[in-house]
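All chains are identified by letter, namely A, B, C and D, in their written order; residue positions are counted from 1 within each chain.
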Amino acid sequence: MDKISKKNWKVRLHDIIYEADTPAGKLFDVILLITILASIILVMLESIRSFDARFHRFLNISEWIITILFTIEYIARIVTVKKPLKYITSFYGIIDLLSTIPKYISLILGGIHALAALRALRLLRIFRILKLARYMGASNLLISALKASRAKILVFLFAVLILAIIFGTLMYLVEGEQSGFTSIPVSIYWCIVTLTTVGFGDITPVTPLGQIIAAFIMILGYGIIAVPTGIVSAEYSTRNRLGAPEKAPSIHLNTLSCANCMSEKHQDGAEFCSNCGHTLNT
Amino acid sequence: MDKISKKNWKVRLHDIIYEADTPAGKLFDVILLITILASIILVMLESIRSFDARFHRFLNISEWIITILFTIEYIARIVTVKKPLKYITSFYGIIDLLSTIPKYISLILGGIHALAALRALRLLRIFRILKLARYMGASNLLISALKASRAKILVFLFAVLILAIIFGTLMYLVEGEQSGFTSIPVSIYWCIVTLTTVGFGDITPVTPLGQIIAAFIMILGYGIIAVPTGIVSAEYSTRNRLGAPEKAPSIHLNTLSCANCMSEKHQDGAEFCSNCGHTLNT
Amino acid sequence: MDKISKKNWKVRLHDIIYEADTPAGKLFDVILLITILASIILVMLESIRSFDARFHRFLNISEWIITILFTIEYIARIVTVKKPLKYITSFYGIIDLLSTIPKYISLILGGIHALAALRALRLLRIFRILKLARYMGASNLLISALKASRAKILVFLFAVLILAIIFGTLMYLVEGEQSGFTSIPVSIYWCIVTLTTVGFGDITPVTPLGQIIAAFIMILGYGIIAVPTGIVSAEYSTRNRLGAPEKAPSIHLNTLSCANCMSEKHQDGAEFCSNCGHTLNT
Amino acid sequence: MDKISKKNWKVRLHDIIYEADTPAGKLFDVILLITILASIILVMLESIRSFDARFHRFLNISEWIITILFTIEYIARIVTVKKPLKYITSFYGIIDLLSTIPKYISLILGGIHALAALRALRLLRIFRILKLARYMGASNLLISALKASRAKILVFLFAVLILAIIFGTLMYLVEGEQSGFTSIPVSIYWCIVTLTTVGFGDITPVTPLGQIIAAFIMILGYGIIAVPTGIVSAEYSTRNRLGAPEKAPSIHLNTLSCANCMSEKHQDGAEFCSNCGHTLNT
């Protein structure tokens, strides 16, 4: 009885907002997911001039609806969490705030375009809902392979950058300004465009010597792409072979998050938070 | 004798149309393959304005010949199959119908261009003829490696899409409309063009800050291509090493398809359909 | 004495032309290599209009010198080989002839441009001289990995082609002629340009729907490049692990070619041709 | 006492300049790193016409400050090393000199642009400071994998070049000058642009036959990128598996360089130079 009485509205609301195991929690997550996606699509549509001109009123109202929904959610999250300050200063807390305030600020300052960037941060909120439980096993393996290759990939990217600076300077001297290589930084930009095999074609070499160097840069870029691929491939392959113990826990990942410290990824069947010791059986 | 008397014209026609083991069946398959290829080439040639203007009559007659041939084949397939409804509602049944009707509809509605798309579906018919028996072993291994990597590749593509949205929004704010980044969706399109190292060059950054971000996106795209490659490579490598039991059955694949339920890929020497138990020894 | 008397001028010339083990043979190979490279550079320079205008006389004389040198070599090869007809009808025999005759034909027909293509075949002659003895071990492993992956790579390329045809037709219907997608073949060409991440930018989608499909094609192309890479990587990796027995013979490859049947790649220390049994100790 | 008295100013200066183990040595390295980066950024900024016009005076003074700092460092390095001539003729000695003299020469000859290239060599100086101790293990493995694949990658690049020459000549004959394929060398350049999937779009085929050949080249380029990737991947994978003995020494790499012969990469705890036997305990 003591346990049940503790289940007051705050705890119940906490369960709905932070968990995905109860029907109410799942419903909340689905609604939130749709709201977030709608809010992102709104930002995009607003940027299309012709669309904004025709449906300005509709976009404005929709934006206000989403802002109010986000505000309610933000307040609810603060109220139900045991340590509100910890939530507010957490990564997701800041993202949640930045997703909400732009519209309020626009009320004071008028529609400043730069705020669209802040609203784009809403996208990051998707990660919290999905919790990516299903693909966690897949991405865990991937992330650990990338982490193990980090140092080598950094060395590689550093080498690419130095190559770009050297060849960029060379191309600036060879081609000169009349071909579009107007300065060394622009030449380096062109060199990265070429080395990565993107090849916009906004700047192209026109002198024979420039074209020979460009051909060399392309073949270089074509060849060295093998390096990061080889690294990740080998690291991933090693991990995949030893994979059994790493894969095992990922299957039984539960979606509970601690009401006290908000840490997640507790083991299935765990009754206490592995981070702060607070009970998970709310 | 009882067995032989069952071999009436329907069964014989079924053998010719659905099997590739008898001389008549092989001949039918070769003629059908040529007809399909001819029909696809016809659709292509018709789309070339100058060609259509000069050879309109020839193209029209050819299209009618192919349509009539496809109609005969479609009816023959329905007649010879034990469960016609099952064939009509099957994937290949729908493709076969959609490959045939556009010309009849054009008779009623006049030459609507959108029907060319339906006729392009004829291409999918090739798969049924080739049955790809020879390369089945090769592609089986490939497909199973791709299937095993599916979840990881989805996580990767999702990550690419989120990167494109974030950087697309950023580039829209940095470059603005005068550089061609007219809206966030267009910026995201540009970002995908750059991340995948395609680099059309129809939209290119012109501000120094935009070029720095673009360079970063390119190097990112150049680096993360290693991820899907590494995944498929490792999965395929694992499969290849354990490959013996998987490869074995693929060698002895026969080309019989059940007259009752149309299921294929029966084991060599099988006398009954593995799906419905119907005899295969027609 | 009997053996020495057999070493008449024909045999000695054969040794010089076909072998690389004697000082004279090496010298011949070096001179031939230089001549071939010079002949290729000549063809290139001739195609540069401004260069040809200024140095026409020089280019013409040089071309004649090379043609005469090639003629002498061609006659010498026929004379010294035991079975001239076999040489003349062999791959290298035809290449040697086609490298020589264009100039003679131009004497009769005047300078027809199409003959430049034939002269470009001279490039293939390089392979015979280099014999690639040093890198044979490296390329053997590579070629055997590619051969083993052949069927899978063909399935992959076939899939790419079908994707290109389907999406090409789709883009033709979506974008239409005003965007540069003037016909289905042109759309398919554009689709291959995009799928392979080349991205010329001569044709680009302008409608929102076209750009969405294009983005999808790009991500597809970016993703499926992993497939051939994974295949070759895994095949090569397997071969590399088992590699010892395969690598061993490649180290002791000699450069002798049989005077009778012209087969090469005899084992080191072999005294008789492994193909026809003719003695190699000329 | 005998040992301590030997520690005169020259030895102490040598420690500061050449080592990174003492606080003074670390401080020197950090200052030098900042100076080098500043000098590179200066060269870049100078090349931007609008920036140079506005801040010419500032750039000139900064360049003189850096030149003087580099001069002092260069003299200090000569003075403190036991064999100055060996330093001056060493790779880093020449780089150090070439990084310093351009400004002095410009004093005599005026600001010649070509000297910017020499100053770009300053970038190479970074390697000496970083000593890349931390990532050495990572890059060692990488470099050894690349070295092992060298012969195979050369064969591959040679094949790419020959393909480019053959298809370049073919495209020149097919497309002709009106499409931008003005000469065989330009066609080869285009062919490399296409084969490496860079695709600038400055030159594009316009004839149907040219587009078919171009499509073939693209698919070829898209497919053969698998080859270097597969090689590096397999080599790296093998090395990674056997990796333990190779990785081990890289962890305990010290940063001492011999005062006598300037060789580096001594084992941790080594008291004598592994190259010349000179004591390392300065």
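Note that in this section a residue touches a chain if its C-beta (ideal position, glycine included) is under 8 Å from a C-beta of that chain, and two chains touch if they have at least 3 such contacts.
Only a predicted model underlies this, so the values are computations on that prediction, with no experimental measurement involved.
Interface matching across B-D, B-C or A-C places the copy of C-D, with more than half of contact pairs shared by residue number, at B-C. Counting C-beta pairs in contact across B-D and across A-D shows that the higher total falls to A-D.
Under half of the residue numbers found at the subunit A and subunit B interface occur in both copies, marking it as a different-residue contact.
Centre-to-centre spacing of subunit B and subunit D amounts to 47 Å, using the average Cα coordinate of each chain.
In terms of their C-alpha centroids, the spacing between subunit A and subunit D amounts to 33 Å.
In subunit A, the residues that reach two or more other chains under the touch definition are 156, 185, 188, 197-201, 221, 225, 229-231, 233-235, 237.
The part of subunit B that touches subunit D in the complex is made up of residues 197-201, 229, 233. Against subunit D, the residues of subunit C that register as touching in their complex are 40, 43-44, 47-49, 113-114, 116-117, 120, 123, 126, 132, 134-135, 137-139, 141-142, 145-146, 153, 156-157, 160-161, 185-186, 188-189, 192-193, 195-202, 221, 225, 228-229, 231-237, 240-241. Residue ranges on subunit B touching subunit A, taken from their complex, read 151-152, 154-156, 162, 165-166, 169-170, 172-173, 177, 182-185, 188, 194, 197-201, 204, 208, 211-212, 214-215, 218-219, 221-223, 225-227, 229-231, 233-235, 237-238.
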